[in-house]
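You will see chain A twice below: alongside chain B first, and alongside chain C after that.
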Partner chain A sequence: MNPLNIELGLGVLGLLLLLAEPFLSSSRKVLAYVAIAGLLVALLTLITSGGSMSVPATMQEFYIADALALFYKGVAIISTLAVIIISLEYAPVLNKFVAGDNARGKEAGLGEFVSLPLFVCVGMMVMASAKDLITIFVSLELVTVSFYVLVSFMRRSAMSLEAGVKYLILGALSTGLLVYGMAWVYGLTGQMSLDGIQKALVNWKGDNTPLLFGAALVLAGLGFKVAAVPFQIWVPDVYQGAPTPITAFLSVGSKAAGFAVLTRVVETFTAKGSVIGDQVIQLLLILAGATILVGNLSAIAQTNFKRLLGYSSIAHAGYLLLALACVHQHSLAIAPRNIVAFYLATYLPMTFLCFLVLSAAKAQGVGEDLKSLKGLGHKSPLLGLALTIALASLAGLPLTAGFMGKMFVIFAATYESNYLCLALAIIGAATGFYYYFKVILTIYSTPEVETEKIRLSVLSKVMLGVFVAAIIVIGVYPDAIQHVLVAAVK
Partner chain B sequence: MPAPLFYFFSLLMLIFGALVVICRNPVASALSLVVSFVGLAALFISLDAYFIGTIQILVYAGAVMVLFLFIIMLLDIRAEAGRKPNMLAVVGGIALAVIFLVQLGSVLSKNEMGNKTVADVPINYQTAAQVQKLDTIKADLQNSTLPDAKLVGQTLFNRYPFQIQLIGCLLLVGTVGVVLLSKREVN
Partner chain C sequence: MSPLEIIILLPILAALAVWLGAPSRGTSLAISLVNLAIVATLFVQYSGQHVDGKMAYQAAHTVLTTPHIQFAVGADGLSLTMALLTTIVTAAAVWCTVDKERIYYTASLLISAGALGAFLSTDIFFLYAFHELALIPTFLIIALYGHGEKKEAAWKITLYLGVGSLILLAGLAGVVWLCSPKGALTFDLAQLKPFVGKDNAAWWGTYCFFTLLLGFGTLVSLFPFHSWAAPAYASAPTPIAMLHSGVLKKFGLYGLIRIALPLFPGAIHTPWIQQALLLMLLGNILVVGLITIHQRRLDDLLANSSVMHMGYIFLGLASGNALGINGAVLLMFAHGISISLLFLLNGKLRNQVGTLEFDKLGGLATNAPFLSIIFGIAAFASIGLPGLANFAGEVLIFLSTFQGFDVTKGFTMLQITTILSLWGVVISAVYMLRAYRKIFFGAPASGLFVSDPTLSQRVPMFFLSAVLLIVGCQPSLLLNVIQSSITAIGLK
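Up next, the complex of A and B:
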């Protein structure tokens, strides 16, 4: 079947939900349940017909449905699903900051808050398949513009608005850099499709400085989207100010889609025989090293859990960039693009678990500071356990998914003999153990004041169970994900 | 385009572009941007890109900038009060701009593509006509006129219809966002 059918279906569902909202007489949570059902159907369709996807001839120029694309489409759908489930937990906070004082107890803005992520999902799914500059740009903008709205969604919260303005300005800057870089690459090679650009790079005669200039600008533009140092300055404030489900979405969905595009672009630039291959790898290694270092070291001093997760997200982007830069290694059976995909698959459940707990806590009156999470482990043992597993996995404790991801990256860097980056990666991992375990210590320490028990809805409990299981299963049996990545290639 | 005209329009664009930033009065800034756009449109026309030149004036100088002016006047934004500039930011900003300029200069100086002008690469209308499938475009090319609006339309809607629809989605999201963030009461 045509993979576009899924994207089309989700887009139409988003439109219908927007249209249905004004006429709805019952609770708006119905819209969220419809969206969840739609996403589940999309996920099932993707899984059952994954092997038999074929792109119509007119679209093959800019759209590809290979294993990598299908994998990232799956990641996009699962992220959106998780975001909508988390949004249901977060609905009281949303209502408080969207509606005025006289509209308490209603569900203001929930309809839009559920349908906009569906459009983001469509954008991310197209990003996963995009293989020409125009498609990459258009789908990236669909995602980014939707995020401008979602980040500043809580319009009566000064922090949310501040986050929105910061994201808007830096997002516009990054878009400018990206388009400028694309214009250079197109102007020099005369090609829009990544395949054509790759051919032009291999057959390039003469000076390669202009090409490098364009490539560097494209990498900088994409670096903003995946939060690579030095383009990470927006992350802490935006992560802290945005509604928690959207922070989770930015941290997982947006990053995964960004890396899907980055993987294809980097593979084009560093293809065998490309005149700018070596320099682009150098550039990536510098970005990766700096990102790992800055992300991990800045996370140490954080006292706000959301900010800490922001820096953690930067640090993880560093590992992903490092994996992407290891294009030469042949000793390891698994290609860089698959290491990145695997790492993101492990990153998804652990990050969403943290944000689910944060959302539920915030909605029930607990703050986002580390201090206010004290005693969570005693009050809600199951929630505490889930958070502990997620944090241990983020740190990279053996037998959890996070360990396998970090291990592949470190192996790849070793085979590539990138010893400086390897050292930075290990320092970063060690630092990670410190600040993630500090949070675990906090949730099991005795609180100064009595706190309420945090309750979760049935849907959230199911999501919690599935993600905890995923962390452990991938940690013990990583082949599960690798089969998805490798089997679909055959 | 004769060289003096090129320099005239380039200077016009650059001077008024700088004025957009320098002017303290937002209305003056917006009007400077309009003039800058007119200079840019003239440069497009000098490159035989008549369609883009016209669109530049109609859409940017006409519609978008008038909208800007409307908003500025509607919100009654006053001239910005003279603030003391942050010296560190000013010096850093200038340094960054200079670095970028040097970089750009070094890239451009090594590139020979700029040595060719439009006159050096004349359009071969008859060969171009042979590969065209659409009759109207073919006829235009055979008469040695450049059907640029038709070519743009054909490329947009024959080659990139999918991307156009994605942009449609993007505009919808933008509209929803504006309504949501600016509505007085959300219920």
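Up next, the complex of A and C:
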């Protein structure tokens, strides 16, 4: 089966939902349920026919359906599912800031809020498969342009609009850098496909400075997407202002897709015999070290949970970059691309859990400040437990998924003899203990004012259960993910 | 299913049940006693059947193929001794927790499960992971329900132990790298081979050993990485102080004996490492000892004394011979029991009298003779009086350092350290006896009323002091199994 079929199907579904919305007389929530059903079908198709995917000969130049691609497609679909479920919790807030007090506009905008994530999903799925500069660029733009709308979706909220503008301007800048870099690479090598570029890099004769310039620009452009320092400045404000489900989407889906592309690009640049391989690795290590340090240290002072998660997202990007840079070590018997994929698979459930709790809290009138989460653990022990597990996993406590990912990174750095980055990773992880534990402590301390118990819909409860189970299962039985990564190859 | 898996899983399941609403004290107490019974049975069975000191009750489930990680359990004399310590202290700690929020019981059970898992795992990954499992409950309980400067103490312990365990993780990465059989990374202790570095590769082993020493050492409050311990123990609620200082802290020492010493044979005799270790442990014994003398409150005194006594155990390890390590393990057990008994009494006094300052206490023996006798036993054990468990361990350690003493060559660095450490015994005697006198004898301070604990509350105290007496009079009960296992893991 052609893997593009799934993407086309989801794209058509998104368009249909967009069309159906004006004619809908009943609750807009139906659209969300249809989207969830569609995504579940897509996920099932991907899982059942994962092994038998074949790309038509005409597409093989720019489209690949290897294990990595299928894995990231799965991640894209699961994140979109989670985002739509979370936005159902978040609907009251969305409504307030989209329709205002206008009763006639009840649930206005919910339709677009369902179909746009579907477009993002399509973009991310193509990104996972892209192995040609043009495909990378087009799919990336599909994702980014949809995000411009989604981030500033709450048009009556100044924060959301501010976030939208910031994301638009910096996103456009990063796109510019990316295209400029691509132009250089193409101009020098005469190749658009990554395979061709790799060959050209290996056979390159003469000065490699211009190549390096192009490569650095491409890395900078992609660095914006995955929030690597120094291209992270947009993160805190955009994360804080955007509707919470979209923040989660940015933090997980967008980052995963970004790393899918980054993995392929970096593998091309650092292929055996590449003339710019060593310099690109140096560049990555610098990015990684700076990102770990800045992300973790800035998170310490945060009092807003959403902002804290923003910085934490930066910090995690740092560990991912570090893993990506450890291309020489073979002792671990896990390739960097698989460490990154594994890390992202662990990062997904824990981050979504935090944002789910945040969305539900916000929808029920609780703020996003750490202060307002006080006492959550006592009022709803289950929710508290879930959040505790998610945060422990983010901090990297063993027996949770987060630890496995961090362990692989630390091991890879040790075997690569990157002692400086190893030290930074240790400092970063220790800092992480502080700010994640601070949140855990908050949810178990006594609140200053009595607050209501936070309620969750059935769908959210299911999602909560699945993600908590995923965190513990991956943490105790990491082979589960390794099987997925390895099985897809066979 | 191995019985070891059951005793690790039981407390975790019980903790979950308690958290979700099961009767807290009943469930926890029942599970702790069941666990104690199982471990005691296994211990008796093991000492009867396995004179060779090999691993028994093994079970393994692979959780990751490359690198090879498995959930593997197994027990020899060393780990069973530690498991016995864990279950004894857990039972006592849960028994003495009355009328508290359920989070207390959950935390105690989780710490107990973490310690059991760490002592009984034969795979480095889970050995490490289980220890960390106990970090969250310890932190939460101290931060939420501690005494005095609780937040500060909680952060200190979290960050110190967090950094310590990350350094440890880097060290363990080195172990897996250096000691795995060729071409296949494994975390399985049975498959890891002692590292023999040729000429210029030898320093890898030395540095890896040193990293492990720093990582594990931080977890055991080795000087100068000890400053988290005293405030944390002084501030922690009674059951947590008992479990952490009595049991969990021994994990670092256990790890050194189980992983670092056998896999890097001879590394402990590398001059610079031995000198560094001797210097650090003298810091524990003398510097922290002098700090302890100056404490004016019972909880601060006990917390510091617990840090101080780690120095002796490190001395046993520094000797690097089987005798010293035997003594170290015995002292780990004895110290675990005596310090948890002391913290238990400390909690009683805090609840009843409301103050722990020596200046405000006095003459309690008149109204509470039972309490004063038990405190006496615990204090004497802690000083190292013959007939009580700690003495046997300390004597073995001191003797071990004089193995191979050559009259013609004079004292080695190790022996000089021992001689200096002996002053530590005097220091212990000074502060413990003074505390004992100030609290229980002399003129009764006005407005103080204290009575002997109820019968039910006497049970854990009586139990712990009985263990101290029995092991003190008959140390061979433990030493037999410890010794055979120490030999079996290749320490001579």
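Operating definition for what follows: the second predicted complex is superposed on the first by the 488 of 490 C-alpha atoms of A that agree within 3 Å, B and C clash if a C-alpha of one lies under 4 Å from a C-alpha of the other, contacts with A are read in each partner's own complex, and residues count from 1 in each chain.
Definition applied: contacts are C-beta pairs under 8 Å (C-beta built on N, C-alpha and C of every residue); 3 or more make two chains touch, one makes a residue touch a chain.
Everything numeric here is computed off the predicted structure, so don't read it as measured data.
Colleague: Which partner does A:Ala429 reach: the first (chain B), the second (chain C), both, or neither?
Modeller: Only chain C is touched by A:Ala429; chain B is not.
Colleague: Between chain B and chain C, whom does A:Glu141 touch in the aligned arrangement: first, second, both, or neither?
Modeller: first
Colleague: For A:Pro210, select first, second, both or neither according to whether it touches chain B, chain C, the two together, or no partner.
Modeller: first
Colleague: Quick one: classify A:Arg455 as touching chain B (first), chain C (second), both or neither.
Modeller: neither
Colleague: Scan A:Val126 for contacts with chain B and chain C and give back first, second, both or neither.
Modeller: A:Val126: touches chain B, not chain C.
Colleague: Looking at A:Leu18 after the superposition, I want to know if it touches chain B, chain C, both of them or none. Which is it: first, second, both, neither?
Modeller: First partner only, chain B.
Colleague: What does chain C use to touch chain A in their complex?
Modeller: Residue positions touching the partner: 19-20, 62-67, 69, 71, 103, 125, 128-130, 132-133, 135-136, 139-140, 143-144, 154-155, 158-159, 162-163, 166-167, 169-170, 173-174, 176-177, 184-185.
Colleague: Once bound in the complex, which stretches of chain A touch chain B?
Modeller: My answer: residues 4, 11, 15, 18, 59, 62-63, 98-100, 103, 106, 108-109, 112, 116, 119, 122-123, 126, 134-135, 138-139, 141-142, 145-146, 148-149, 152-153, 155, 187-188, 206-207, 209-210, 213.
Colleague: Over in the complex, which chain B residues touch chain A? Could you list them?
Modeller: Spelled out, the residues of chain B in touch with chain A are 103-104, 106-108, 110-113, 160, 162-163, 166-167, 169-170, 172-174, 176-177, 180-181, 185-187.
Colleague: Chain C touches which residues of chain A in the complex?
Modeller: For this pair, the touching residues of chain A are 331-334, 381-382, 385, 388, 392, 397-399, 403, 407, 410-411, 414-415, 422, 426, 429-430, 433-434, 437, 440-441, 444-445, 476-479, 482.
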